[in-house]
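Take a look at these structures.
Both complexes shown next keep chain A, but they swap its partner, so chain B is in the first and chain C is in the second.
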Partner chain A sequence: MNSPYLTYAGKRLAQAAIVILLAYVFTFVVVSILPGDPITSVLRNPQNGFTEEEIAQIVAAQGIDRPVLEQLWSSLSGFLTGDLGLSMRSSRPVTTMIAEVLPSTLILATSALALALVLAVVVAYGTQVLPKRYGQGLLRAFPSLFLSVPNFVIGLLLIHLFGFQLGLFRVINPDSAWATFFAAVTLAIPISAQIAEVLIASLDHEAGQDYIAVARGRGLRQFHLFTRHLLKPSSLPVVTVIALTIGELLGGSLITETVFGRTGIGSLVQRSVSTQDLPVLQAVVSLAAVVFVLANLIADLVYPLLDPRVKLSGTRALRPSASKPAGATSP
Partner chain B sequence: MAPHDRLTAAFPRNIATERAAPLLHVENLDVSYGANRVVTDVGFSLGRGRSLALIGESGSGKSTIARTVLRLLPGSACVSGRVSFDGEEILGLSERRFRPLRGRAIGFVPQDPGNALNPVRTIGSQALEAVALTDERDLRIAKERILETFAQVGLDNPQRVFDSYPHQLSGGMLQRVLIGLAVLPRPLLLVADEPTSALDVTIQKRILDLLSRLQQDLDISLLLITHDLAIAAERADSIVVLKDGSVQEVGSTAAVFASPTSLYAKKLHADVPALNPHRYAALRDPGFRRLKDSAPKITVRNLTKTFEVDGRALTAVNDVSFSVPSGTTHALVGESGSGKTTTIRLLLGLEQPDTGEITVAGETITGRTRRSMQTAWRHLQLVYQNPFTSLDPTWTVERLVREPLDRFRIGTPAERAEWVRAALSDVGLGAHLVTRKPQALSGGQRQRVAIARSLVLRPDVIVLDEPTSALDVSVQADIVAVLLELQAKLGLTYVFVSHDLALVRQLAHTVSVMRHGRIVEHGAVSDIFENPGEPYTVALLQSIPSGAAAPVRARAVRPAAQPVFIGAG
Partner chain C sequence: MTDRASLLSLTRFSPARRRLLRATSAMTALALLATVAGPAATFANDAKKEGGDITFLIDSLGDTWIPNNSAISSFQGHIWGHVADKLLYVDADGKVSPWIAERWEQNVDATEFTLHLKPGVTFSDGTPLDAAAVVANLDIWYAGRKKDGINPIGLFPKTYERAEAVDAATVKVSFRKPTLGFIPTLGYHGSILISPKTLAQPASEQADLSRTAGSGPYIVESWKEGDHVTLVKRKDYNWGPPAVGHTGPAFLDTITYKLVTEPSLRVASVQSGQADVAYNASPQELSSLKDEGFTVATPRYLGFVNGFAINTKLAPYDDVKVRQALQAGINRQEIIDTVYTPDWKLATSFIQSNVPGATDQSDLLAYNPEKAEKLLDEAGWVKGADGVRVKDGKPLLLTLHSNPYLATSKAVDELLSQQLGKIGWKVAIRAYDVVTFGEKVKFGGAAVPAYEVTRSFIDAGTVAGILTNANNGENWFALDERDTTINDLRDKIAGASTIEARLPLLNTLQKYVLEQGYFIPRTQIVQRVYVQSPALKGEVYNGVAYASYYTATKSEVGQ
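Up next, the complex of A and B:
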């Protein structure tokens, strides 16, 4: 790739790093400095039943007694080196705790995203090639239908049908590939509906363009017309949508993990919330911020590669508008 | 490329019918969308190696017919009748049976080359699809054939074109690419849908020359869709004149052109500026007398404007000077990028020049604040190019025309209503239209509203930015007549921006020819058109279609197979 792209990529990368750091500092401020001092209030909460000895131990281990700036510095440098501190409950390193459950969530989320993409593209392809009388309308209704069905309802339905009725996977303590597959399907359906909605609108727009008529006039098969000509230009807005749905993927995996009884970031968050284990929660929030920023960074880096018309200017990728600036009609 | 190359193409053909039957035969063709019938009982025939022009204005159904032949109509279209190609009925064919004909036997050149290639793929990758139609499997040979074709259609650097994306090339180059790709598989029929209407005039001529040359060299039949009678006359053996989806007249070009029989063809003939340079002589003559004795209404001196584009300085207007005597029309002529639009933006005070001075009616325009521009705008109005986008669709005609009066707080409400009616009647619109919205008006009526809107302040100067380029030729003739009548009646001074030299010849008094931001030649219209001094002006003038059947088409070498016409139904 040429140098304007590298400059652009470098600047975007730096921007993303700054955003992640700011997000971390922000969560740190919310958790440790704001009035009420959540950490101390958690420890002093009689419901949690800490003894004075334990409290002293935890305060020392977490370094809560040190000045705030010093805390921030050590916390930040810990974050940069991958040390997220110790859990208030188990006194185990938070990094280890996350590392234990992250793979399971990653597998769930990535397979859900892959499934969502395949599903969205198949549905969108159908809306382009199916004749009206063979259910094109049904396919077009798909996005709004599945956007309006909550995630957990789909999950419960799938568990009932494939878990209890067909016995494809163990419902209690599931670990089979089938269990993962159905959890991923649960997570994928609402996300694929969002992607499909944008993709269908984009395909409809591109399909009306002259270059499609010309390519058809060149004797291309419908399938090649779709894969070679329609898909790439139509996928431009989809890239942005995918980056935005990553956040939803995280939130959705929390619910899905609960519904399917899987261990993962979701169950860790659930446990940490109920025990008010703030260092773990802060780590998960920072992790979510990192994932979200990275997803948007990747989208921004991919975009100019997909669309050669994009002009790179500083940290912005500008798409030239088709219409010229119009002069005023009359002063 | 010898014609026999075509025999190697995969398309099977019956040698016995080679020259006898027409290649394309359309009969009783009806096309409708729901209850809306857009093509009614159309029929014509196109012989092998011949060319036929479908001509008509927007809504005449000419593009629908082309797309019916190409089978590119949307699914909602309902088609009946017969279209046979090379002896085979194609309307009833399944897509699977028709697809082998696409590209191989029937090529397609679209209207807007800027939108006819996939914007996110290289031209080379799309060209390879065209070569695939010839069953060439070897990628190296395929690429060679593409580069050869690009050279053949007059592209200077074929390799660079091959590697480029569409947005990196100009419209003229893209149209050459598209024509090259369409003829590369050696089709029997080429359908060209307004192949030049999105291009600059000098490029139009070159593209049409290229099409004519390829059609002859490769012995391809050409179905040319155009709104321009003069182009049709130059480029086609026979003509089908369409209006509102039905055939008005059909016959050999010479016959239709020399003595049109239908009323519509006659009117069309009279409305084409290129064919009737002196149509408005009577209306325009008073202005010629004013050229000598009127004081200049507009003076532009040493105007320069530089923009920064992608970090490079671009001089859009470079040392431009002209003056316009009161009550006359000055035309700014040039192709896209010549600086004519920037010049009028400077003239209207919408941009400030780097250097130079503009005076209108004795007042200096340049160097004013936005507030003091207000007073200048009372005397200086603009009519914009496209009346389909320049009028707020939610406003009524009355409000649109009255707005300038409201803005400048002129007159009482009763007076304003009176002036609006007067301005509308000046442009020939009835008072019954005042409650309509733009959507309920035709293109010509909309442009009249736009003109009335600029007239209502009684300005001295009206700047006309390609005022007819978005309109059909018959509507264009109406608008030109309105403008000239207003000038004769009110003594208006016009600055007329156009790329259409034939139109300029019809209505302007003086002209400046612009190129790359400079005025290369200026003077009285008659002088410039009769004795052009600059090669660029000569090229522009040559691009006006003469309407005469071009002698380059050596008809003698062709077998004298006349196209068979069936009745117009």
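Up next, the complex of A and C:
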């Protein structure tokens, strides 16, 4: 496990670093070619009463009229030394701004992921134990149903029902336990659908294997069979899906946060995009890239633990793809 | 199973029960109030009004908290008004009265002013609010620290020369030219007094609201960007403006400004008793809210009315007859009837009628479509088969850029499009977001025949300078040096050393600008609309229409 594993891990880390760097530069280029900048747009507020001449003076004093490459260089060298700089909009350190909103998003994302897992396993379990005629077909339709309903529709429905009708939470206090719970449910539903879809397919595949028939023949009870024999081998592709949905959790949280009025990474991105706050956007994009790359890295490291048959041949990981059942990876 | 059923029914019925409880407690409280009302209530001392927490729902909390860069924000100004004091107080009628400056004097030319400060005032970080602190504030208002990202206060007199501390309680301020506007500017929302310790900090630290020390009746307890600001009262505060009738500590314990971007959600939360004030409700909702018993406030700020500054360089608006036709072709009463409510007032000049020095020019703003059509005929614009007037093969076009800072702007534009359409105009409406608007729409811009103005000011004397290109003025009508009449008026107004000498000049200016069709008023502007729980009373609106809850109290009724 050691030598090829280390080479492999080193290569993957280097790739990850390049991905993050490219994401950083790409964000810079995209935002730079857009017309306007946050400082000028604030100064142009007619209430301020600045003349064009004064605006030009202030802009020049802050150095945002410098050549793009020069700005990119100073921004990049700051980034490489761990200095994310100041927000152009609020003048606050970008690290402070992210640290302020990160907990809210982390709470939402982790509880959503946990809920999604529970929901997916329950649905998948149902498809294995319910009689084919009653319920099973319905349960199998759940994932595609969940996937096709937009996130914000679910959120608004939940707010209306539980916030306004039943009064479980105050809409203006989105960080309360109930409000967080329903926000997590909103975010969990489409994610659980993706996990459930893959899990069901994988379970179906495993259930047809000889060892299950043997276990069944020995008279094992359904629940026991599911938890002891079926779930573990079927969960390999699920790990891949989870790794991929981590990115979706960050993206989907933008909509959920907006709908529920939570102040998290999503709302920070929204404010930064609408005011073209470049340093914050670059930091958030890099953060998302880091999370995405890390999640996939961890997924790769988890496979050998779940399935001893998974081996690292040379420096290429034999990772089961999400669409194919786990059996495909066995040597 | 039964357990769950009962639980469900409990949650299902609890709101109704809560409403019932709330209603009964409200009635009890009302009954109690009724028994103590009458002479006894008027003698109730301040101690009885003490306490209470309010939540103010607001649509934005702005971009940055650097005092200089955020004080004039229509949103953050609310917080600054409670955290910081001003040298002078300007009420809703533009009347100037003492606050931190107990009295002041000026020389004959209005180029030198002496301010005498109230003793014993301190900032919340313990620094005394003395002459040195005032000088530090005046300097940074005038110049900012541009390299550091700290902007000057845009409307602070640009004729400022220097300020010096004569002694701990006396400040002498000098100007390069007569500047009558200086005194009222001290009560303007941009002129907030901040501790010199805060002002000395770099921008990145000034941007952290909790590190900023003012001398106001409230201090910042906590804040989170894009979420909320909670203020807690300062117990040793004892220097409120005498004009509001109270100078001691505030009554309410805390004020929380909470960001809720959806307007209907803000109003619904006040209706359901979850919050006390909703900012910027839509005008259409106001009359039904009043009927439900909520307090609706639509204070006007001192400033320009909402209207168009016309670009006189751009054809056909270089023709005075076309501009005059535009002036007469707008039915302003219909704007109020259709888009707004009777709380909005007809424009009587191009400055709001509560500004000292504003004169009634209603005659020039009367709706007269016949006159407008006649003027257009005279100017050579002939009505075509489709009702649009044409001259030299070109249609009579007016492009309006809806002001993104005023929610109702587009609705008014649409109405104007109908009104002007009847007399042969073809109106195109462009609606941009704030960033694009700032990029593309400018006074006198090549494709901008009419710039929609929303702008407050404290002193009418500064107006003429803004309209023309003198002294870094904004040249609103792109006249440059072409109109000697307006430039002559501008110089005389700027040179006036007494308010009395200035009044007739201001009257002439207003008449001239409207006659020439340089400025086309729409309505007097209400930029801040408040919907408030009836339990909250005693708030005061200042000259820039910000609500101050320094004097407010909250009764138990309603919650």
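Everything that follows uses one rule, which is that the second predicted complex is superposed on the first by the 232 of 331 C-alpha atoms of A that agree within 3 Å, B and C clash if a C-alpha of one lies under 4 Å from a C-alpha of the other, contacts with A are read in each partner's own complex, and residues count from 1 in each chain.
The rule we apply is simple: a residue touches a chain if its C-beta (ideal position, glycine included) is under 8 Å from a C-beta of that chain, and two chains touch if they have at least 3 such contacts.
Keep in mind that this is a model prediction, so the values were computed, not measured.
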item: Partner chain(s) touched by A:P93 [first = chain B, second = chain C, both, neither]; value: second
item: Which partner reaches more residues of chain A (counting touched residues only), chain B or chain C; value: C
item: Touching partner for A:D210 - first (chain B), second (chain C), both, neither; value: first
item: First (chain B), second (chain C), both or neither touched by A:G219; value: first
item: First (chain B), second (chain C), both or neither touched by A:P67; value: neither
item: Chain B versus chain C as contact partner of A:G82, first or second or both or neither; value: neither
item: Chain B versus chain C as contact partner of A:G261, first or second or both or neither; value: second
item: Chain C-contacting residues of chain A that also contact chain B; value: none
item: Chain C to chain A touching residues, read off their complex; value: 11-12, 14-15, 18, 55, 57, 63-66, 69, 72-74, 144, 146-147, 149, 151-152, 154-155, 203-204, 206-208, 224-227, 258-261, 265, 268-269, 274-275, 403, 405, 433-439, 442, 453-457, 466, 472-474
item: Of chain B, residues touching chain A in the complex; value: 67, 70, 72, 75, 99-104, 106-108, 110-112, 115-121, 126, 129-130, 133, 165, 167, 178, 181, 310, 341, 344-345, 348-350, 373-374, 377, 380-382, 384, 389-391, 403-404, 450, 453-454, 465
item: Interfacial residue positions of chain A with respect to chain B in the complex; value: 131-132, 209-211, 213-221, 228-229, 232-233, 236, 306-309, 311, 320, 326-331
item: In the complex with chain C, residue positions of chain A that touch it; value: 35-36, 38-54, 57-58, 61-62, 86, 89-93, 96-97, 100-101, 165-168, 170-172, 261, 263, 267-268, 271, 274-276
